[in-house]
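So that you can tell them apart, the chains are marked A, B and C in the order they are listed, and the count of residues begins at 1 in each.
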Amino acid sequence: MNKEKAIIFLPSLCLIAVLVFIPFLMLAYKSLSVGDSIGIANYLELFRDSTFKKALKNTFTISFYVVSATLIIGLPTAYFISRTQGRLKNVFLLLILFPLLTNAVVRSISWMIILGYDGILSRLLNNLGFLMEPISFMYSKFAVIVGSTYIFLPLMIISLIGVMDNISEEVEDASISLGATRFKTFFTIIIPNSISGIIVGLVLVFTATLTAYTTPNILGGTRTVVLATLVQQYGTTLGRWELVSSISIFLFVLTVVVITLINKGAEAIGGTNEKK
Amino acid sequence: MARLQLNDLKVSYDGKVNILENYNLDIENGKLVSILGPSGCGKTTTLRAVAGFLDTRGGKILIDDEDYSKTPINKRNFGIVFQSYALFPNMTVYENVAYGLKLRKVPVEQREKQVLDILETVEMISFKDRKPENLSGGQRQRVALARALVISPKLLLLDEPLSNLDAKLRIEMRAQIKKMQQKYKITTILITHDQEECFSISDKVAIMNNGKIEQYDTPENIYSSPNSIFVADFVGFKNLLDVTKVGNGLYRLSNGKEIKAEDVENPKKIAIRPQNIAVAQKGESLIEGHIKVRTYLGDSYQYEVDSDLGDIVVNTSDSIALNTGDTIKLNFPESEICVLTD
Amino acid sequence: MKKSKILTIFVFMVFFYLVYPLFITVVASFNSNDILTFPIEGFSLKWYKSAFSSSYLSGFTISFQVGILATIISLIFGVPVAYGLAKYNDKFTNRIKNIFFSPILIPGIVLSYSLFLCWVFIAKEFDMKLPKFFVLMLAHIIILFPYTIRVIGGAFDKFDFLIEDAATSLGASKKDFILHILLPSITPAIVSASVLSFITSFNNIPISIFLYGRGATPLPIIMMQDVEKYGNPGVAAVSVVLLFITIGITFLIEKTLGLNNYGR
């Protein structure tokens, strides 16, 4: 019995130990080493660093908007798809899943065209009379938010469709027969019964945005820095290696804390993921 | 409190094939009518059309002479009990029942009183704070019933409400349904494919086949005098035999023997239930055959008899069992024969 | 099921939001001008020529090789683990489960950096420079491993382990059971895990940030650098080529496995 378990699990445990735990410990050690001694000087330095503070603030602002936007857009969309039947549903799912299969550069460059100087959005606003001269929206928080929402929306929708498919249409019918409108039913029946999917979606999108590198790098550049792009910029471009390790550890801790908080919050309102 | 009339109802899912056509049904105020029929015959379709989940393509749904066929579902005020119960998983028993009243903006105190009252009636008061996932099938059923009734609906519509329960609970729950229906004197349609279930509690039964009502009558009349071969077969006339008419009230069977029965023009078949066939001890008999299969039914034996009329099924309450291969003589008592024209 | 008009309009706007940018990319890739614009100035295929330039092609080769190798290795490690996690439901197993899923918790760029530190350490202490391609592949294995376990685990969760007893009672050895029953019954999951893993590896950027080097730069990194540097339509052309490859793969998944196996 135990021999079988060992054969099954031991190789992978070694794999994880060598490729994840040891490097991670090395990283943690590095973040605590100052010259030849050990201490938290790097972290203190980090929290005095104004670029870091800005990046932290940007990361949270962007994550907040992206999470809200994906949820608000995702709920009705997922509901619509979940209540579609047959081939059409597959077509919709395909449209949702497809962007997930392409890399973030592919998905971001069109936003450069839309948001760039004298780009599609700028011209549109010009024509509508909101703008007098062409401008660029690139490298702003707005650009990163719009692009990230675009990229992470499918994650939210897929998580939501999963639970909404399990809400029987009879339950909705029951609500309507008792006098509720469809609109009301959506808020009193569909959303409360989708909590577990909402939680999964929130965790996925929040952590994805928190740690996203590619989209903020392309659409935010050096002007709108977030934590993940700061890791790279302080490392390869600016050579402030002593801070890179501590930002990395900080980003990891932040991710874990956010996941834990969302799940704790979910438990508190009774929307845990277990299904009976 | 309402009389329901379905006039020439026409319903289709795809706009091409009509599942229901020229569908008529008249239910008097406060009566419980069952719609009974085989799977796929259109029972659910009928109920969903009445409830408003399906648009009708023609005809009227009259409640006390007012046409409801264009009224939005949420304005119809019908109580519906779904096959899956369809309780709201996110709400407690109490909240489930209170939901309809909340939507009607019934003041809190009155709402509470009404909800507790009806939970008391269905004996679910002690479970009021539970979530549906922590209830048994029978308990969910009670909550579903309470939720549908608390809004004082014009109609109560039940789609196979008992099919997910075990045999014992079914009997208990159908009594409960009848009790509630009478207490609130509410016009009710019950859908079922279980004959015993509907005969026991219905004022009238509509037997459906292929989107049409074959017979609409009291359970007693349907039980004793089915008006078609389909109905006879459906309500347990296991023996259906071809006949030709040879005189007034006189019919010839396919083996050449003649029998007497009620006089009917253009008869096609006669029908008789297994338990109404008489076993002849000696002398003349209508049928002679030998036993192919014997089944013990608890209070009687059932034999499948191979005869010159084909297979005949007969029940006898004799305590002495006959064996496979034994010869048996049978007679059809005149009063138990039902003559059918189509 | 009747759906409200407002909802339908809303959802079609969402689909527009999801599809329109891809459409723009396709159009922009045919621009005869040297910058990314829409609408385009004139039609030209010149960017497609650049899409097949040597730097993109070598990036493609690297990404392809890394993706294939990482997928295979993570399957070799992942399938037994998925089997074990589904079969044993004791305390010990549940505890080590978290270990196997732990890479998910670590942001890709952090993993990348930590592996880079190891690389530097080994180079310094042992005077041994591990090949960049090798390290890149190790990093991608780590990214894929949790997904592999999850997808394969989904198939094992539906597997009735009494079948193993049944097979043994019929005289099957452990090896017979694995080869004749276990693996064939999870083949669809292995196929979807492979496709999913390969695509994930092929598209992942953060995990490679600190690890690529000369002769070992994955395609998306090259694309990203080009976008940062010039923003020319060449990247759009590469994107379009990738889009069409992806459409082909998606179509294949949908035909062979059905969408419902995907994305869960």
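Basically, a contact is a pair of C-beta atoms (placed from the backbone, for glycine too) under 8 Å apart; a residue touches a chain by one contact, two chains touch by 3 or more.
Everything numeric in this text was worked out from a predicted model, so none of it was measured.
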{"item": "Dominant interface by contact count, named by its two chains", "value": "A-C"}
{"item": "Farthest chain relative to chain C (centres taken as mean CA coordinates)", "value": "B"}
{"item": "Cα-centroid distance, chain A relative to chain C, in whole angstrom", "value": "17"}
{"item": "Where chain A and chain B are represented by their mean Cα positions, the distance between them in whole Å", "value": "55"}
{"item": "Residues of chain C touching chain A in the complex", "value": "1, 3-4, 7-8, 10-11, 14-15, 17-22, 24-25, 28, 36-38, 77-78, 80-81, 83-84, 88, 92-93, 96, 99-100, 102-103, 105-111, 113-115, 117-118, 121, 138-139, 141-142, 145, 199, 202-206, 209-210, 220, 223-224, 227-228, 231, 235-236, 239, 242-243, 246-247, 249-250, 254, 259, 262-264"}
{"item": "Parts of chain B lying in touch with chain A, wherever the complex brings them together", "value": "51-53, 73-80, 82-84, 86-91, 99-100, 103-104, 133, 147-148, 151"}
{"item": "Chain B contact footprint on chain A (complex, rising order)", "value": "167-168, 170-171, 173-181, 184, 188-189, 192-193, 195, 276"}
{"item": "Touch list for chain A against partner chain C, complex", "value": "5, 7-9, 11-13, 15-16, 19-20, 22-24, 26-27, 30, 73, 76-77, 79-81, 83, 85, 90, 92-114, 116, 119-120, 150, 153-154, 158, 162, 169, 182-183, 210-211, 213-214, 217-218, 221, 228, 231-232, 235-236, 244-245, 248-249, 251-252, 255-256, 259"}
